[in-house]
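The same subunit A turns up in both complexes below, where it pairs with subunit B and then with subunit C.
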Partner chain A sequence: MRWITAIATALAFCGQANAASKSKEFTRPPFSGAYEPAGVDERGLWMLMDEEERSVRDSPTILNDPQLRDYLTGILCKTVGFDRCNTARIYIVKDKSFNASMAPNGFMRIHTGLLARVFSESELSAVLAHEFAHFELRHSLGKFRNIRRSTDVLAWVSLAGAVTNTNTSALQNSIVLQIFSYSRENERDADLLAAAYIRSSPYPMHFAQIWSRMSEEDNANREERKQRKISRFAPGPTDSHPTNAQRFVYLAKLEAEEGAQEGDDGASEYRAQTSRILPELYSALVMGNEFSGADYVIRGRGDRLGWDSLLLTTRGDLYRQRGNPRDLVTAQAFFQKATQDEAAPPEAWRGLGLTSLRIGETAVGKTALQQYLTRQPNAKDAASIKMLLED
Partner chain B sequence: MRSPLYYSGLTALALSLVSTPALAGWKLIPNQQIATVDGAKITPITDWNQSGTRPGKLGRVWTKDGMSLNAFEVFSGIPHGMGLYREVNKKTNPMPKFDKSILLPELADFFERSFRASNRLSDFQQIKAEPGLLGGHRALVLRYQFTNHHDELTRIGEARLAVVSGKLYVANFHAPALHYFEDRIGEVRTMMDGAKF
Partner chain C sequence: MMQRFLQALALILAISASPAIAQEKGAVRPGFSAEQLVGQKVLVFRPTVWVGEQSTAGMPEPNADWTAQSRDLLDAELRKQRQGLGVEFIDEPDSYGDDAKLVAQYRSLFTTVAGSVMVYQFFPGNRLPTRKNKPFEWSMGSEISRLGDRTGARYGLFVSTEDQYGSTGRKVFQFLAAGLVGVGVQSGVHTGYAGLVDLKTGELVWLNADGQMGGDVRNSEGMQKRVAQLLEDFPTIAKRPVSAK
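Showing the complex of A and B:
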């Protein structure tokens, strides 16, 4: 019953996206909890996903941090309502890409790369709400049925073409492309329902800027690789999502509405909660060989949430790894600034020592490395650093 | 009704036909015989199989039971400006280039970046990096752990990296943490100790 009401509300909402979004009086569909899948398709999907969840739960790629998980669950609850958020189980996946997903049985995967790229609770709430909207609208089931239906039709069309000796390739192409179009519609519906959730939550709506930043990060990487920058508004026929530009436009329109910016964005709390695990969030990006994109992301956090010694060390490491002579000078400056903070991570002295030695400032380098070993005598590379000091 | 032997014969024939092309890419490295791997000479204690596919321009990979169960890679004489592994996708996932001015402890970071790019890893942790020897040359011994997304099995690796006359030499072994790593690491360490460049 919950689903019927939810779908009816969502369809009504999606059908009149503008009208609904302008209304501040969005009421979440009633929720009864303990939903059991209905019908053979849905039961099958849930069974598959239950198995998948067991494997994810025990996977070494999961960041097992109960404090962070509870924090993320809290944000989801504030966004979609405390009654329905308990249906979701959150798993944090060690993956540098910007992604999150929610399975039809209610398990949600959030990549560390996503946490690295959003800078407040309000931004994160938008992504969580989007994923939850897919779940609430049962998009996985819809997609599965759509693909099955389309491929059935495809087989019949192909057979009919062969029997009647008629070229049906155009019709077959349009059937395949319809699958992608259906997926884009789902994404847009989930965006709009997410926007409605946010409007009825304590958070301001900060959704559009995420997509504009994604475009900018992509373009930063493209510029570095000497590729043409992409700023497409219309999606390609095989795109599964609306383009970043498209999402930015319709979400920015919703954000500009009266009252949409009311509330605390929770940026300071987000900073406090994620600073604790900053190396976990950024290490794959720093080691990921996409210098410009990683620098764009780190700079984004620094400019938005402030530069602390941990973030300065992270950025210093990024420059040190690329290792051009100019990068070493820049990295040294970041490490120097970081080490002015007594509470800086020991890696700040490590970075300062290594860059100074490579620049040729041996005395500064050795002093910094001594500091590193004093602060972290059991460092994983302590023995090799000691050897460097003895040279 | 045919006998079970008939069916097993058919199966064996089918398997031999299927496996023929795969065998063509492998070379037996017999035990106790010095094997020349580009610029390195290695003496295996037991038989190994060398893949016909190079992991990098100046690298070779050996295995006992298949690369996902144990892989021993040797790279010899990587010059300044060259990547360790073969480019997976130069545009979206470029391989870092070796810089001869790199310091010994930094070789661990260079290896991590190369290994991550080659295997498209998000989960890689350096466990220990300490000084050691590779073929009698001063080297960094790196112990690491990683997980592939496709099988989610925890794997352990041990790499020795040395810079000799401005060129990089690497011997690297990785295998699943469960049984396979400990099963072979002793033999691999002996090969690393005895390697000659």
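Showing the complex of A and C:
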């Protein structure tokens, strides 16, 4: 039992130490340009991430588009300042999930799924600022040390329990759950520092709405699968992040402050820059298995940034993929609308042709497929399309 | 990042007793002989090196200095070994663009294939139905010849080592766990493998893997022992230099 008391005291002490350091205001370390990691732990983490970056750099999962990358770097620079942003090296990862990350060494990954789900520079700036805040606050290092400390204590507690034949499961659980609450605190701190960055940037703060949309997307998928909708305000004990609802509330409060909405949100520029690679951003979502969520995301962009022929084609493809008879009719309508634009992508005519043939409108279908081949003679599927045209 | 920490945590929580499993360590492809190697160029891919400590609870703690030092020692030791092996080693050249992508993809593929060999061939109790009683025949596909064409090498050598030295806390924990409750706790992880691939056919001609390697990779004597273990059974007719085994 003496073991347990000693450990409980040690834990209480750790708790106090945490509380004491948390109450201190975070001051940005002076920016020196080329920070070098210090100490075994930090240098070790940097080494791991340097190796990781080496392998990711040449990976086929990276979307190699210098123009887009420079555009994203520009948004980060406007958000966190031109002196700091050069510490980040941005890689665009072909991944449909809503995510971005920044490692301690400045290795930043932005998923195409994130670019598909935000609709202005200001919204993107909020997520980039959040990741940059993790970087600046050195959260990876803190988390690494927290987990090591916690699991070390856990090991000793379990051994002490075994030796003294005492049930320590409650204490063990609380140690494990502490790791998650530590992570949630990190996330909240990163949100708050991100908000501070945005306030000193030319962008208006549009952070809260992202989280309400994430909830709605999740609910759209849940409804489709006849699952119970979840709208939790309090996080579960093993959540690594605050809940979407929680984040919405405290960020909305910050956004309501005076002056927080001043500035241009950069939506039209964002639309122009991302339209260029729209199929790349949405194809994984379209091909995925979450129809309602994907449709929610595509509709969101259409409603916010307008429906152009590219986006209509994307939505048409989504419905054509699901392929119920009613979906084909819906998809055909989207393709029809898209093909009214002379500059529409050739895939719009392909979609129109394929859906029309399946519905039974053979003449319309064949004309559209002819158009597709004329516009894209070297299409990968040209041979199979020609077969459809033969009879 | 978080996910990896949680995975590590899950592993630790499982408080693994030492997973010492009797396992085959290496194999040479049937029909392959050392004569085929004589005078050939071998492309040495940048080795994978990870050196650090193991926390009391078993969490890996990377150490940048040890890793950098170990990488240098490994390069030097491999250089020393080349004469004894009767082959010519060439280092992986710096590459960018499509070449770099090609190298990166084959590096990943090798890691996957070698992992499969270790899990499904070297451990007899775990053989897949399709691998049962099958000879050591694994291939990365003949497309790999693009690497051979570009570098002029006939074979490619991959080397990988991972060392987690038990921290003082881990050693004390190991001692107490054994003494007080009789539970075996492993302190330290020392694994490594090396493989040779035919850059014309893509065939894996030799693989040597060991889950419990010797030699302290942080000094040159230890590295000499480690490399000797990594290259154990390397098909060669030339006499090998005396190792500190």
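One rule holds in what follows: the second predicted complex is superposed on the first by the 361 of 391 C-alpha atoms of A that agree within 3 Å, B and C clash if a C-alpha of one lies under 4 Å from a C-alpha of the other, contacts with A are read in each partner's own complex, and residues count from 1 in each chain.
Following the convention adopted for this analysis, contacts are C-beta pairs under 8 Å (C-beta built on N, C-alpha and C of every residue); 3 or more make two chains touch, one makes a residue touch a chain.
Note that this is a predicted model, so its numbers are computed, not measured.
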With both complexes superposed on chain A, which partner does A:Ser59 reach: first (subunit B), second (subunit C), both or neither?
both
If you stack the two complexes on chain A, which partner ends up touching A:Asn378: first (subunit B), second (subunit C), both, or neither?
neither
With the two structures laid over each other on chain A, which partner does A:Leu45 touch: subunit B (first), subunit C (second), both, or neither?
second
Just checking: does A:Asn167 make contact with subunit B only, subunit C only, both, or neither of them? Give me first, second, both or neither.
neither
Residue overlap on subunit A between the subunit B interface and the subunit C interface 55, 59-60
Within their complex, subunit A touches subunit B through residues 55, 59-61, 94-97, 112-113, 225, 227, 284, 287-290, 320-321, 323, 354, 357-358, 380-381, 383-385, 387-388
Touch list for subunit A against partner subunit C, complex
37, 40-41, 43-48, 55, 57-60, 101, 103, 140, 143-144, 147-148, 151-152, 154-156, 158-159, 162-163, 176, 179, 183, 240
Touching residues of subunit C toward subunit A in the complex: what are they?
1-2, 5-6, 8-9, 12-13, 15, 52, 55-59, 61-65, 67-68, 100-101, 103-105, 107-108, 169, 173, 176-177, 180-181, 183
Using the touch definition from the top, list the residues of subunit B that touch subunit A in their complex.
91-96, 99, 101-106, 108-109, 112-113, 116-117, 122-124, 126-131, 140, 147, 149, 152, 154
